[in-house]
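I've put the structures underneath this note.
Two complexes are shown next, each including subunit A; its partner changes from subunit B in the first to subunit C in the second.
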Partner chain A sequence: MAGDKKATPAILGRGPGKPIKINQEWVVIAISVILFVVFSLGLDKFLSEGNIIALLKNVSILGTLAVGMGFVVVGRGIDLTMVAVMVVGVAFSIWISSWGIDFTLAALIGAGLAALLGLFTGIMIAFAEIPPIFATLAIASSIYGSGRIVFASDVLYAPNNVQWLKWIGSGTVFGLPASVIIFGVVAAAMGIFLRKTRFGRLVYATGDNPSAARNMGLPTRPLIVTQYVISALIAFTAGLIMTGLVTGINTRLYNSSLIYDVLLVVVLGGIGLSGGQGGVRNVIVGTILVGILTNGMTILNFSYTSQNLIKSIILLIALAIDAIINPRDEQTSQSGDI
Partner chain B sequence: MSNIIEFKNATKTFGGVAAFKNVDFTLKPGEIHALLGENGAGKSTLTKVMSGVYRLSEGQLFHEGRAVEFGSPSEALKAGIAMVFQETNLVPAMTVAQNLYLGEEKFFNRLRGLNIQARQFLAGMGFQVDPTAQVSTLGAAHKQMVEIARAVHHKARVLIFDEPTATLTPEEKRHFFNLVNRLVKQGVAIVFITHALEEALEVADRVTVMRDGEVVATGKAADFTRNSIVQAMVGRNLSETLHGEARRAPRGYGEKVLSVENLSCAGLVRNSSFSVFAGQVTGMFGLVGAGRTEMAKVVSGVMKRNLFHGGEIRLFGKSVRYRVPRPAMLDGIVYVTEDRKFDGFFETMTAGENLQIGELSNGSNPVSVVSLSRARELVDDWGARLKLKQINDRARMIELSGGNQQKVVIAKSLIQKPRLIIFDEPTRGVDVGAIVEIHQLINDLADQGMAVVVISSYLPEIMAVSDRILVVKRGRVVEEMMVSDATEEKIMFAAVH
Partner chain C sequence: MSVAESLVRWRYRFLPDHVVGEILSKKWIDSVIPFLALVILCAIFGSIVPGFFDLTTLTNLSGQVAELGLVVLGLTIVMVSGGIDLSIGSTFALAVLATLYGMNVGQWSFGVGLAATLAVGAACGAINAFMVGILRMRAFLTTLVTLIIFRSAFEIIFPRVSTALVTNYPDSAVYDYLGLGRIAGFPASFVFFVVIALVLHIILSRGRYGWRLFAVGGARRSAYNAGINVRMTVFSAYVVCSVLVALAAFLFCARIGSAASDVGSGLELQALTATVLGGISLGGGRGSVAKALMGVIFVLVLSNSLLTLAVPGPVNDLTLGFVLLASVFLDVRWTKNRHKILRSVYISPTFAKMPKAISTEPGSPMAVNDRLKDVGVIGLGILDGAEDVIFDRQDRLYTGSRQGEILRFYPPDYTRREVFAHIGGSPLGMAFDRDDNLVICVAGMGLYQVSPQGETKLLTAETNRSLTSVVDDSTMKLADDCDILPDGRIVFSEATIRFEMHDWYADALESRGNGRIIVYDPKTGGTKTLLPNLVFPNGVCTAFDGQSVLFAESWACRINRYYFSGPKAGTLERVIEGLPGYPDNINRASDGTYWLALMGMRTPALDLSLEMPGFRRRMARRVSEDAWLMPNLNTGCVLRFNEKGEILESFWDQTGEKHPMITSMREHKGILYLCGIFNNRMGTLKLPDRDQSWFSSESYWGKSA
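Moving on to the complex of A and B:
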């Protein structure tokens, strides 16, 4: 009988892990490349310099929002208030600047308001323990509703004598639009923050297993509150990019499908909604795909509705492929418990 | 006599790890077959294949001579194979009668008829259970009776018991074995998983011993002795540490670290008082649901005690009240959970990353820079200290064996530099080699002067590691004794009476 010592390691040990894992991230990159090639060959306008710049500008707003959303989702939350905070925060800045306050100061006050809104959301989720999806859904409507009451009109135009706002709209650094640079800076800062700081590691831990994080004495509540404050500030930043690009902000943007596009970017990129996985790299991958796709469909003159339909189908396919490649079944879930 | 169940060369693997391999096992009608082995030996998995919870990876399962593969527990039940689980599978909010006939109610369900039917059926088996009683109000023994009655009602020809006597009082045990004998006379085959070796030797006709997923001995019960079974179970000379046969002098009392007075928490802990001392292992024994875990969780801040009349907790003489675990952790109280998968570790992270989170938990500066190579250093360092076996650097926690997972969870807690560490069921779902190592670690911690609490519902474990034993019953510490005065019988007596 083979009951000797050799039997033990086979049970305790594991074989070497697979060096390369085909995961959602690579699938999305592959789809992006294919789409890019197809659009480049099929659409003569696609590769023009003007179009690429337009693509990048569009992507910068979406990508910035997605960085904030990804950050919250990694911690097993979700922030549906982002678009509301973005439009109301910036509209508030413009509104108070119309009283004669310098716009730079007004923007700082607006950022303060955004941070306060994030703080409130975070407290509702961390301390009142409302599930994030419901808390942020309700708070988003409240923020937008309050904004609609205060600001008389839907569209607020920024003063046209603010230098840095003009720079965001039309400035370039090394040939790249300033808005893209801002997106890059936000993404890079978040990437370093998540990977390299104590706070970032604890966010992953909390997202992976909130009960274990709480049990071992991690400051889970302050962590959650901070995440929503940061995501609100990132939303405000995205709002400033938008104001710079189109010289004003349309608060009705809240009613568009923008927040779902942000979620699409995050989920497509491979940040699992169950938390603890993925990072800024996934956000960038998702942003590139959605950016190429939206741009191509716009050139092809697809209607807004059919664009949404196509995006949702792609989301479903990505999720299905991920589920097939990385199955969660009896075998993987039980392996530790023999 | 032909076999009612037969495994031929059967293997079951989970993600490449064999729960059992190349097992041959036979079960004859009308016999009691004791299945013995340490935690993680593969007994439970084997019976779960029999009862349709899992399917074999390789080999064959024969039922009355025909090769079968049960797709679900209900298929196995149809074939007459029923499993009585350790944690009962009854619906707590329903009555006994409703549970008995669950799933076969008529379209117009008449409770009175059901109750009469159930009363006759239970009386026919000699069970003293009121069919109109709600199951949640029953004791462990009665719940088990209802489960057995349900299995018999389904005309079970094979009954599998997983540790049936662990929660029973001596009197209830006698009832239980009477019933088992009666069923055997009717030709029912019984598979009986237990840790109580004497019991197995007494009642079983045949014995099969498993170790590390393989059958190491099988034969007539009369041919075995307690020692030969222990020898077969552990395969090396571990029996002394594992089964608490070695009596030793308890360690003395160190500084009083924790004193709990009149603690109450939501009906689970009632007016309980106890103390914990440094340099000593305090064992907490109690049956499942006695409130041991809740006491530990209140002490470590995982749960809150009652606002009014909640009692008092003093740590080094200072009165404390924790609403969340963090301040408790910062004060040096660490709780090692009984359910590591649920709230013990971070499953998508590697072992090293888990350990690193433990190190980061103490800090206060949120933006301090984390070294990515530190995770590997930690796992090398602690891996050597805790004898972590063959950890792949990149393997996620969920892919490790139970023993390695538990060691990582313990290491993660030790990195937090506790002064009082509470282990809740430290060896649940852990392989036999790791059990001994974890017990050794617990002893080392006490020798180094740490205050250690070990909660366990496994008596030999309590006897093996504790210096002082607290017995918990219905939310209260009811008995305290030094290990030198304790016997398993004395402890059990206090826990159930």
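Moving on to the complex of A and C:
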């Protein structure tokens, strides 16, 4: 009977005609709105058209990465290789295109490389059973290290005669920048994939309780490998967006805190790190908040380091709230699950 | 005996493959792979790196060992408690900043500077500790974020003070000595580190705090249930870790004297590689100072050698990354499969050829009958695990229970009962000494004594460690039956040194001489193994001559006699060979003969399989335990034999309903009491034509004064 009592409020909260439950998603939306209003009133440049476009462009890279990360986190994983895959994958494409290969083909080969890296990560996590956070951290630094050995310089510039790359950088559809459209397409595809396909439902099942999913006969291992392959491909897509926007890629981006910004988006948006909950909507909400925050701090002329400090502290608070709202289940967390 | 059979026999005598399982069950086996890897690494780089073994190289290395070593020891403590701390690199940087600012700019004294540095470390640690320990956040992510926070703090402060740091110099002789001094050729910081490592080793392996850390890391819920303050233990681990990191930073500053803006970055990966390489498990509960040191030396030798060979930085990092990944992989696999490997190799049957069994044909003394069919009953449904029974001078009956209690039943009908004493382990064989103290063998615990007032006392739980045994045979796994010599020495059997009591059947499958006879002398308090390598020695009984002891070897189906004094002192002779069943306890009978219980009967299939060790090994590996070949435990038997080893009569229960397994029996005033460890009752058989006043204590010690 205790179980029934516990379950009741959640059921009531979702029922029709009941007041909307205060959850993380709504809190984040409210904070975003407040920040937006405060920045709009306080900072005269904030509401300018140029700034909004810049904000949206910045957000598109972060958001695309966060869609991939969110997808992995839903399956109770984490992918810290995303930024490394992004910079090395795109840099590789540019590097081989400098041999005279058509950039479109080079980009496809780069995507293949990204998929292979994701496959390797997935196998390490699903079959070798290395804790995901550990495996991805070590693999990320290995990927970046290999990249630095191969590429002579840190910054690689894309060829400037590729039409579709130019479109990504400066094209618009109904007034919206193409990069935002790509983010929207990726997010929508992921949303449908997670909610409507059998595969997506299995990702939720695996994230909710991996051992139960496995005992039920779900192919959890191939499922996990596929997740990391998809997230690597999404990371590569984000890399293409970035190349289009700034006409090149700086591999030193790996050393920045971009991956933690991605994590911040996911955790702030309300995708619990214990897996099995949340979705693309949470990613979008988180992306908007972090985008506004970053943009505002940049206009306020905060130094890069202080921006990092502030965002990290927010992430830490978000993690703490996550830990309190979704306490770790000692029954299903395994030894080595740190 | 055929040639093939002799070959098999010699193969099992001279290739002791049970040692493999025993080595695998050792705790130090975890460290063997890292140690071998370290030796191979040193061999490879020692031959290709110029000046690898030079004194300057080694001195330089020992200085680095001190710094990285402290960081790794800190991380070890956190990892043993089941967590991880990635913020150590940034904590290190902040501590370096504190030291340099204090010693160079502030011109503080050694003590103040050290205290300030450690305080900065403790503060950083406390932040992590609060989040992970108290709020129970995920250690990995949390410390990954604090890594950025501490690093950002460092990057904000450092540029503002960097000029002041390099334009001022410290003014402390002790500080300089710590950085540059030598003690017996070693850097002072290294000696300092060795002292700290030793202290930590003692705390971790012997101290209460260390045990708590291991408990929390190994099984968090169990630790909580055992009453350990889990949250505070985890909290303290992070604080201690950061303090050690700050100490490392202090040593670093004393040696180098300045810092670059990237000081300490990447330290966490280096330290993590060292710990995991050394064999300290992610996930907690396993690790030691020695393992940490092994990992430190491995990492430093690897990165220093790559540096000397002028390998570019990225390649160096990449190598370290892959080494880390590979060692985590090995660690995860090893932790997961270790017990599986152990399970499949630990049981190692040996060759044993059973002698032909004594006939049980009609007309022989062992002829099968039904004399135990209609026996009286005591404690029906109450007894559980009554292996042995004994009576005191007031005719009160004592027996054990599986719950670890000694029960006392009162005459005349033995229905009234009480718990006489609580032992805590499963009581097996019992005997009364001259002063009416009850001496009891307790499985897994050793030899105990209960006074007539019910006070329990441990007599012995440890014997001499034999030199050739791989498993620690100084502890007692399965003390089985005991008896007392006229001079007060207690002789008892330990059935096996390789298995716990509930795995007794695995020992039957091995049929190796895993057991021994041990003597405890209450006068000196000394314990000594008398006869090693016996096949499941079980019942022990002092013979009527007072000079010798009879004992049974269960799986060998024989009775032996060992002389303690008299003309045959020190010799062992066989009394009965080829019993049709597995002998258990032996006790004196009223007419100068002996009672013997057979706990189960031999079967032709099992007898044959004893000559085929390979078959039994395959069975143990591939078939689940409940489908193994077992002795027939459904037929119990009691027999009586004389000093010459002649069987005089036998009592059987063919139906197997009341006494399927008989582990002990005792004659008391014309009645034979029958016990079985798996039976729910005790049987009583009237013996009308025997001495109706005889009982065992009087036979041993005479009439009471």
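Convention: the second predicted complex is superposed on the first by the 296 of 338 C-alpha atoms of A that agree within 3 Å, B and C clash if a C-alpha of one lies under 4 Å from a C-alpha of the other, contacts with A are read in each partner's own complex, and residues count from 1 in each chain.
Keep in mind that, in the parts below, contacts are C-beta pairs under 8 Å (C-beta built on N, C-alpha and C of every residue); 3 or more make two chains touch, one makes a residue touch a chain.
The structure displayed is predicted, hence computed values, not measured ones.
Legend: residue contacts after superposition of the two complexes on their common chain; A:104 is shown touching neither subunit B nor subunit C. Of the two partner chains placed by the overlay, only subunit B lies in contact with A:200; subunit C stays clear of it. Within the superposed three-chain model, A:51 lies out of touch with both subunit B and subunit C [touch as defined at top]. In the superposition on chain A, contact of A:298 is made with neither subunit B nor subunit C. When both complexes are overlaid on chain A, the residue A:250 reaches neither subunit B nor subunit C. Once the two complexes are overlaid on the shared chain, A:221 sits against subunit B while remaining clear of subunit C. Put simply, subunit A uses residues 330, 334-338 to touch subunit B in one complex and subunit C in the other. The touching residues of subunit B, when paired with subunit A in their complex, are 14-19, 22, 40, 42, 45, 54, 211-214, 216, 235, 301-302, 324-326, 328-330, 334-335, 337, 341-349, 353, 356-358, 360-361, 363, 365-370, 372, 389-392, 394-395, 397-405, 412-413, 416, 429, 431, 433. For subunit C in complex with subunit A, the residues that touch the partner chain are 82-84, 131, 135-142, 144-146, 148-149, 152-153, 155-156, 220-221, 269, 281-285, 312, 314-315, 317-318, 321-322, 324-325, 328-329, 332-333, 335-336.
Residue ranges on subunit A touching subunit B, taken from their complex, read 1-3, 7-17, 193, 195-202, 204-205, 208-209, 211-221, 226, 276-277, 330-338.
If you check the complex, the residues on subunit A that touch subunit C are 78, 124, 128-131, 133-135, 138-139, 141-142, 145-146, 148-149, 257, 260, 263, 273, 303, 305-306, 308-309, 312-313, 315-316, 319-320, 322-324, 327-328, 330, 334-338.
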